[in-house]
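Paired with chain B in one complex and with chain C in the other, chain A is shared by the two complexes that follow.
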Partner chain A sequence: MDIYLLEAIINGLLLGGVLALLSLGLNLIFGVIDVVWICYAEVVMAAMYAVFWLYAEWHWPLLLACVCAIGFATVLGLLVHVIVIEPILGSAPINQLLATGGLLFFLQSLATLLFGTDFRNLGIRLPVLEFGGIFISFSRLIAFGVALIGAVGLYLFLARTYLGTAIRAIAQDREVMGLMGANERGIYILTSAIGGGLAGLAACLLVLQYDVHPFIGLTFGPITFMVCVLGGLGNMIGGFIAAFVISQIIAVGGYYFPIEAAEVLAFVFFIVMILIRPQGFLGK
Partner chain B sequence: MSGARGLRLGLYLPLAAVVIAPFFLSDYFLHLAVQIAIWSLVYTAWALMGRFRLTSLGHGAFLGVGAYVPTLLWNNYDVTPWLGIPIAMALSVALALIVGYPSSRQKVVGHYFALITLALGQVVLLVIVAARDVTGGSLGMTPHAVGRSWYALQLPNKAEFYAVALVAWLIGLAAWHCVERGMIRLALEAVAEDEDAAEAAGVNVLREKLKVTALSTGLTALGGALYAQYLMYLSPDAMSGVGISLEIVFAAIAGGMYDMLGPTVGAAFTILLTEGLRVLFGTNFVGAANTIYGALLVMFIIFMPRGIVGTAARLWTRPRVPPAPAAPQPAE
Partner chain C sequence: MAALLRLDGVNAGYGSFAALFDVSLDVEHGEAVGVVGPNGAGKTTLMRVISGLLPPRSGHIVLEGESLAGAPAYRVVAAGIAHVPENRRLFPRLTVEENLRMGAYLSAARRVFIERLAWVYELFPRLKERRNQLAGTLSGGEQQMVAIGRALMSKPKLLLMDEPSAGLAPLVVEQVFELVKRIRAEGFTVLIVEQNVRQVLAVVDRAYLLETGRIKLAGTSAALQKNPVIQQSYLGL
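Take a look at the complex of A and B:
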């Protein structure tokens, strides 16, 4: 097999890990609260700026900066729910989607206001590893590993803990759970906070690989939605599989075509799949 | 009835005055007016679908087709925009139907519909960027300028272009009027409430949805074409993609997507707000204007989901309802 193709496939696999992590948070929120956060990628962007600011400007240790950024994103996720979603929980679902869309503009513009439109990076050069002629960026490898750990951690939390069980129960039937005395509001807030935290974790991994700028959310936001819908909105395992399918299409497509054409391919694949199977790979 | 007619005249006369006033003002105001007129058309077109819960987050796709096709035809084949624009509108409708037909058949609604259309907008954006040999990619492109020419629809005189834009805007309002008065509104409102029930009651859901989709996307392409002709500059980010698609949605909602003049008010509101904030803050605070705009949008959707016009209409009519008719009771 062509060694460059193999490299593309491996890089696709690594990209898939981060996409999977991004889709997990969005799917969790959708599954439990039935809301699509159009601004999810902007929460990631905000956390990327947090890492950048703490590390590059205030010279905190990178790990501490990352932990604080995750905390920041957790609080941001909580606030998104309490301030924007909660007042309109009763109205049409599309209104909630649109309200978070307004938030997208807000976060994007606020970042422009605070940081300007310059591309910022941490100024860290992580080594590139070589295995038998295949080059793999170390930062991508870390991202992949941490993304998998994050996914497994979330799985264990949802499967093994009392709170996780409550979250899954609400996702299955929110009316009956309310009748059985579950604290719906608390679960929603907790879910939004976890969703925000996952966005923060993704941000820490992305900021190692990409420059941060106010509009970065628009570059990987649409792909994240695509992954979620393809896997079946709210279906975390489906989203996980879809993340790797999409990233392979982009990576292998990018080997044969220009990168935009590869992305077009991924989006067209998405549209065709949805029209054949609107409920996604594993949707109900 | 005569009271309602009087009210209507009282509303429309000042509106007509506002619409005509820019002709007598400086180029600066004409520039704002042209933009408001063109975007009013686009927002009205979006609201034709949006009001029936066909929430498209991908109207940038049709804006992009409308902007790029006439310019590409003009630059490469010397085809006049008078022919190029109808071609672009037809292509735009075709694109909408290619996605709209199966998604209506599969009953793709709500979140899924919104996200499919979002992907469609992204596809058009990426195609424009990828075809950089002909479109100039992210750097954008300009139509070959030939000076003032009606044949090329290049009208540096802003008053002339404003006249063109006004005609386009009126076409949009006429389309809205036809939908409002036609069976299609009743059919689609029923579909929005309950698709299965509407179908059972004999509504041809597929046909009605596709009709309004074609109307909406064709007019959006017209708006995109006019905007490109006016600015004489096209760029993928300004003409298609997620950002502009969301802007279309929000302006229409802010104005009020259930009323004929709602999207127009939305256009005037957003453009004047952005301009006002820009003047207020200058260029020192890039993003300040949009930060306020974004916060306002969230508040609109939370507190005024019917938009400016819808909320105003409700406030206006409320005090008029309670007084009981003072007509003499027929004695029994």
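Take a look at the complex of A and C:
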């Protein structure tokens, strides 16, 4: 096989890891609470600023800055639920969409106000590795590995722990979980905090590869939604698969065509798939 | 002795639709009480009001002196009422054991989970055989066992059962009423709502007849079985 094609496939795989992580958080929240956080990528953006600020401005060790940024995103996720989602839980879906959409603009504007529109980066240049003529960026490799560890961690939490089981149960029957003695509010808050934490983890991985600016969310937000919808909104396994399908289309498409055309190709694939299977790969 | 559960003048409904009118009933410790009546009489609404899924518009619901009217479902469970909902409502993509685990959500039940689980498996050995199977793949009768077992995991003072025979084959219905007898033998207090009048009167001590949202008759099972209204309309005699 052509070595450049192989390189494209590997890069697609690496890109898929972070996309999969982003889609897991969004799908978890939707599957449990039944609300789409249009502003999910803006939570990522806020956490990217947190890493940047702690590391580049306050000169904290990178690992500590990342841990604190994940904590910050976890609290942010919790607050998004308590302040924005909870009062409108019973409202029509369109109103919930508008509210989280409003939060998207609020977070963008707040970031612009606080940090301006400058592109900022950590100033870390990680090496590019070479394996037999194939070039792989080290930051992408780390991002892929950590994203997979995050996904496995989430899986183990949901499959093996009591609270994880409760989260899966409430996604299946909200009302009956109350009859089990569970206060759904607590489970929703926990779920939103975990969703925020996953956004924080994704932010730590993305800030190694991209400059942060108030509109960086627009780079990942739409594609994350596309991945979630393609996989079946709320279905974490479907989203996981879709993340790798989309990233391969972009990467391999980018080998044959210009990269912009490859993204067009991904969207065309998405539109065709949605016409054929509106519920997504694994949706009901 | 004061009743375990007392409902006094309960009115309830959905939106502009009223489903229960001035319903009063009581359940003594250790009793099995039935509420019978036709489809649409308000039986399920009654269960939902007691278990906190639907707040009553007015009236009192008292469990051992504690007022529960308008309390959310999770507080009603903590007070000691477990509800086996209509159509079982298992978590279909959780295993049998995970369903039972969710039944022990209350912290008091979670602490003694291992013993409770062993006890439920002893009560329903079939569930132990199926413990790693997804609940949605079980037969109707087995699902009913899981639903009852799940409710028993909290060792409730009062077990509410909403139409346990609904949607089950006649032979399985027999088995379900056998289960009810076994639960009674374990000393549980049971309030059971059923359309299947003949079979429920055979397992309860007393029953109420609920029609168009109102209690029309009350009495012991023996008395109701001889009542001409019940005989004509519900027993087909």
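We adopt the following convention: the second predicted complex is superposed on the first by the 284 of 284 C-alpha atoms of A that agree within 3 Å, B and C clash if a C-alpha of one lies under 4 Å from a C-alpha of the other, contacts with A are read in each partner's own complex, and residues count from 1 in each chain.
Methods note: contacts are C-beta pairs under 8 Å (C-beta built on N, C-alpha and C of every residue); 3 or more make two chains touch, one makes a residue touch a chain.
Here the structure is a predicted model, which is why all the values come from computation and not from measurement.
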- So, on chain A, is it clash or fit between chain B and chain C? fit
- Message: Going by the contact rule set out at the top, does A:225 touch chain B (first), chain C (second), both, or neither?
- Response: first
- Task: For A:178, decide between first (touching chain B), second (touching chain C), both and neither.
- Result: second
- Classify the contacts of A:165 with the two partner chains as first (chain B alone), second (chain C alone), both, or neither. second
- Message: Can you tell me whether chain B or chain C touches more residues on chain A?
- Response: B
- Task: Applying the touch criterion given at the start, work out whether A:84 contacts chain B, chain C, both or neither, answering first, second, both or neither.
- Result: first
- Specify the angle subtended at the CA centre of chain A by the CA centres of chain B and chain C, expressed in degrees to the nearest 10. 90
- When the two complexes are superposed, chain B comes to within a least CA distance of chain C, in Å, of 17
- Could you list which residues of chain A make contact with chain B in one structure and with chain C in the other? none
- Task: Report the residues of chain A in contact with chain C in the complex, numbered from low to high.
- Result: 162, 165-166, 168-169, 172-173, 175-184
- Within their complex, state which residues of chain A touch chain B. 30, 36, 38, 84, 87-88, 91-95, 97-99, 101-114, 116-117, 214-215, 218, 221-222, 225-226, 229, 233, 258, 260-261, 263-264, 267-268, 270-271, 274-275, 278
- chain B - residues contacting chain A, complex: 53, 55, 57, 99, 102-103, 106-108, 110-112, 114-116, 118-120, 122-123, 126-127, 129-130, 241-243, 246, 249-250, 253, 285-291, 293-298, 300-302, 305
- In their complex, what parts of chain C are in touch with chain A? 51-53, 72-74, 77-78, 82-83, 85, 89, 91-94, 98, 101-103, 105-106, 109-110, 150, 154
